[in-house]
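These notes are about the structure you will find just below.
In this document, chain identifiers A, B, C, D and E correspond to the written order of the chains, with residue numbering beginning at 1 in each.
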């Protein structure tokens, strides 16, 4: 990774600007505080409705219920955002990484030990999401950590898998979510409406696929470029400036 | 001074610090970090105020929103970092053109 | 039967996403997939708007959860028109882009663009402020990635600045959403409109959300990121940015202003005054800067800064006619600006640079492009046969009826400034002196010229179909307080 | 929508349609382009003839479709519009023939003829407009279509005059738009009604109505080249001759004057304008324009510049005639619309001939040109004498009626203005005739070209002769039933509730 | 359109010359057409003889509905004008025999002819005004035909005065039309009775027509135009065209109906002064044609006096008008003949006999002008004296005294003319032996003699034309004969003395009054002053406006420069993040402030 010159001793901006900014920030914080303070101390918000409909949602953890049933549309779009970020990063073409031949033994050992633990742990997180804090995103994050660890060890995804199959897995979470969501429309239900009895299973299925996609896409984001493209290609300049 | 308000206050302070950092520092990495602080400030306020439901279980909807917010922030930061690298590669220094002090 | 099924709202969001995913997966025939998705989306938007026009407002609860808990999609006259303009502009840009990008670039362009399209459609139909945040983010990120697509140092830095600005805007907006939720317990606009009332928290909410959205809409003092981003991006992208993306955040501010914020009429006029003043400054500033530019794309970018100023003139008027005028401005500007950017694109490819000074030699080879430029110029200037004229007429009338005639004067000054820079460019198209021997110009595909011309012609036709369009605007009376 | 409803629209659409076709036509297809052009003008002249006959028989021609909420796009053939339409379409035919001859072998002719027919479509639209919004629409279209014609040559000087032209006309257009909107917000309707629809409004709105009047007249005044706003006209003389002939003699300038006539008669109504005390200042301004422009014309050596200043002063006759609130002066004003058009176009045609065949642009180069091009100079003499107001010619009829009307309405000073301006006209036209006829040519001509066996190509020679003939006929047989004078009396009889 | 024959004849008389003009325009060098030119006057001659008088015909389709026809006076005018045009035309053929390259002269000639005839047959103001303008403008072409610098200069003066005259007439006619609401002369005259503010109108009419008729003060163009114009042209000019001024006054002024004492007296005085002034200045000239021009001015003076008399005592007008007609007719022929004679005598004579005959022929018009007993001038002056005696106003006695003196003055002037002609012919006579071919072309002296005959016959013609002035014979009383012979002897005596004195010590150059007297004075002293001040003021205006424009421009440029520079900085500043976000926050706080204040 090319060293980024992190000029620590940046030229300090003049005292005057810093002072005015400070005052402004203080003013902003004060007004925000006042606004928050003026809010009622007791506010139920939507906790009542959530509690009432939890058993209908197929999961017992209210957050997952909100996340994957009541406001599942948000989550759908959110997966889209993640995928979008990936498209964006890949479109930038990424910087050519220089492979350092030296493998750090400690790192090598640790990764051999930790990677399976991470995978196991992410599986658990996925499962526990139904009734305790956890779920697809947290599991995906852990999975990604495993991926990062591997990349630090100069692990390379075989060329064979880095093409269509990689892209398919990346996209799997979103596609499955949409498929399930829209599937029931043909059984004269509304988009993203699950039959109550199947809700639990469906949510788990969606979460599993989401975890997989999130994990791999976060790892790919860390890698920073499209593995299927040969790494030595310089940043390809636009065809028309 | 309910604990919810206290945490919210911390969130607000984070928000202001994030904004301060974003404005003042020239280096893109510092700016991206400032944006993240800004984001976490907002999320903290969101979660803190969710705890005003009286009984132990806080309101779940803000929590779900925060999760979505966090994912969005992550992907935005990823894109920002990738862009910063490209800026650095293209212009030799990770600073926006107007902030460049030649 | 399929046509009158209620699910078209969700289809117009999902179709582009699936299109994006498919084009991401199967890269070899990416253009075919993308164009079919584009036509599919246009058709579905057409069906949806036909449904709304014939039997009124549509409300669609996602996941069958009603308002406070679930997310509700709501389509009224305003959103139909925004969807239609997005569809028209989107379709034209897709055709244009299919000829503009080749090889590597188009591999990245289509998925990002289709995601942007679905984000736009989602934004225009949603009536949930947090959902608006997410759609705003989709649009923001994809727009940034698209700007960075052209790869030069200028484009990358512009994209970086644009990303930071858009993130800051979204965070401010999110803080507003948080406060709103925690003071009234819901994020659904309809319920909010019933519950909001003036209190210190409300002041701050309004302040934060308005400023956040102003930053993303690039109103005058906060416009610094727009010229660089719009001029250095590839042509179809800058057309997208000027015509649609900038309008999306304006749309949100508009909805909030009318539905959510507890402003009675003279409160709207009072607060709107600030926006009106900023709008007038934008008009004057944008106009004068555009006059000074020597490159065509920068000129058009500054003209966007000016046209945004027009939109904000409607706020202090706070009358239905004023809002209708603003909506008409959006329509006319979107289409005319797309045509103008396409023209700039054609010239750029044809000659390799877009310096206005030696435009003369292009006129010989691209007569249609120059005709497109003059027609869209006419619409931007607001001269009679065009859509711009209708908008200018309505706004002028609203200004005079509401007694605030000074906004009318600003409008006219704006018209003159636009006239100045449009004719400055056109003037160069008539110079007889034979400019320096240009490198052999690269021929551009007929498709690009014809899309530019058809969009320009559509901008003129918009002038004649005013009664029909204004009729649509009344569906679900989007501009009255308790409408949603 | 039977035939009656389609005719006005057809008249406006034909040149528009032709313009589009010509734009697409390749540069070298001269034959097709000329036939198209002439065919279109003949066709629309025929249509105008039918309508003319119809209107005199009492038929009612109107095209109407809704254009803005509460406002319609109306093309209506009332007597006043018929006068201007006949004038424009007749002179359009002649100018097309002239332009074909004039632009022989010059570049960008497709572009020229395209914008040319666009201009004519706009003028016909202005003439036939049934309400103020349609008028505004075509008025602005005229501004746009005229610009490319002015900058047709593409030289730096021409572009500068184009820019000045735009500065004036666009501001004028903005003022007009503001006035129209203000009027619409007060009255709620913009239809042209025989003797104006504002008299019924209560007096509280009068101050606003005066503001509206000032806005409308200054907006139109830019095109009608009233003194403070006339700066663009002499500048835009650098345009090719057919452009300055049709545009500055008939289309652009006349649209402004015609607009003012419309505003005074069909929007405010003459009696109401008098009660508002608007007509006297307008008359004074018109008088000042006449005198000022004539004096400026004295010092111009450039032939077309002198003609331009004379146009500025002549157009103000129309405004003067209309502004003096008497019926007879009004007839003078309205008939001058036709007379000035015909006379001025003859002069511009001849100026064009001189420029094209002999390369003469300034009066000092015109020594003995009468001997070299006798027929062109005869047409020029007829035109010049017509302008001065020598009896048998058309100009005299106008001055006679305006003078008479002025005395009728008690404005004696107008007669002095008329006499003074006629003297000034003589002072700047007779030297030209003197130089042309009574002096020996000095050496050879600046850029002589042999065009055909007569003094110049027939395409250039015939139009001025026809228009010169018209100048004589309009004057000589003024009292006939179908002459311009009788038609304007027919118009005015409707405006004044005699 | 009742196209009866009379209208056709009248319009044909006017239209025919115009037709020939267009023909000449098409084929300028056709010899036959040129020869046709003079004969265009024939139809109007026939018209004058055969047309029933007093038939005013309305031609609705011409101009604004015009009235034409031949009244009593018009018939006389038409008669002598057509003859003068005819003979002038024939004379011109000879005069231009060899020099005529193309037909420019004849085009102007025919146009002026058409104008002249149109003016005579016109019975309404517009028709009159139209052809009056046609005549005046086309006679400019005749004057400047020779293209010499003096010709062009006098042409310029002529055209300026003509245009000013036209405009004054236009104003007058508009005013008349306003109060009379009809353009027909008869109605105009009737309505004149109750016309309140008619002074301005009459003044304008007097100025307009006076310019053409050459009243003192307005006569300046005559002595300049005649010498430069070709002889036939100046003959017609002073023979026929000046008379139209009188015709105009007779048509418009309510002579014989309304008594306008002030204007009548004024015109009488003006008439008399111009008569004597004409003669006084004429004597100083040494160009034959200028002398003749001044003699026309003096004779016109008498006519103006007659009109004045008509205004002062309308009862007398019937006879006075007869006298005027007689005098004008005879003056037309005589003056034209004299002008033509100048051309004839300029050419060498063949033999003594022809020279003797020519001199005799020359004497006849001179004598008739002076008022020899048999001539109609004598008749006219006799009647005028009688009427003056009978009219009651104070001025008429005073004027009556001057009539005989006026004939003496004209006699003196004509003597001067004879002297000049005589001195010129002698010189030519000496070397005439060498160029035999340079003889007087036949057409020239034929037409001249024809006119002389006309002069002789004028008393009979007058009778023939129906003007019963009573038989000529009873008028010739013995007293008149004596008076005439005394004047003749006095003239011979005075001219001999004058000739004798001038031979000894010729009049110093400075005393000589140049042709165009008043005008020259004006030009030398008054005009330069006016022009200088005018140009001076214009220059100051231009200078100040130029200064103002440049000042405004520099202001705009500096302003623009400042704005662009300032904007450039502002733009750069705006780009900085700190400024941008600070602005953002300030807007937010303003927003919150506004919201709070609500």
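Operating definition for what follows: a residue touches a chain if its C-beta (ideal position, glycine included) is under 8 Å from a C-beta of that chain, and two chains touch if they have at least 3 such contacts.
Predicted model, so just to flag it, every value in this text is computed and none were measured.
Shared contact partners of chain A and chain C comprise B, E.
Counted as hops between touching chains, the shortest connection from chain B to chain D is 2. Taking the mean of each chain's C-alpha atoms, the chain closest to the overall C-alpha centroid is D. Farthest chain from chain B, judged by C-alpha centroids: E.
Each chain's centre was taken as the mean of its CA atoms, and the one lying most distant from chain A is E. Taking B-E and C-E together, the chain pair joined by more C-beta contacts is C-E. Centre-to-centre separation between chain A and chain B, using Cα means, comes to 16 Å.
Between the CA-based centres of chain D and chain E the separation comes to 38 Å, rounded to the whole angstrom. For this pair, chain B with chain C, the centres built from the Cα atoms lie 28 Å apart. If you average the CA atoms of chain C and of chain D, the two centres end up 43 Å from each other. Multi-chain contact residues of chain C (touching two or more other chains): 69, 130, 134, 137, 141, 144-145, 148, 152, 168, 175, 179, 181-182, 200, 203-204.
In chain E, the residues that reach two or more other chains under the touch definition are 575, 578, 581-582, 585, 589, 592.
You'll find the chains touch as A-B, A-C, A-E, B-C, B-E, C-D, C-E, D-E. Interface of chain E with chain D (complex): residues 25, 60-65, 126, 129-130, 133-134, 137, 144, 147, 152, 155-156, 159, 163-164, 166-168, 170-171, 174-175, 177-178.
The residues of chain B lying in touch with chain C in their complex are 15, 18-19, 22, 28, 31-32, 35, 38-39, 42, 45-46, 49-50, 52, 61-62, 65, 68-69, 72, 75-76, 79-80, 83-84, 86-87, 90-91, 96-97. Residue ranges of chain D in contact with chain C, taken from their complex: 23, 66-69, 136-141, 143-144, 147-148, 151-156, 159, 162-163, 166, 170-171, 173-174, 177-178, 181-182, 184-185.
Here chain C touches chain D in the complex through residues 360, 367, 371, 374, 378, 381, 383-385, 389-390, 392-394, 396-397, 400-401, 408-409, 412, 415-416, 419-420, 423, 426-427, 430-433, 464, 466-467, 470, going by the rule given at the top. The touching residues of chain D, counted against chain E in their complex, run 374, 378, 385, 388-392, 396-397, 399-400, 403-404, 407-408, 415, 418-419, 422-423, 426, 430, 434, 438, 440, 475-480, 485.
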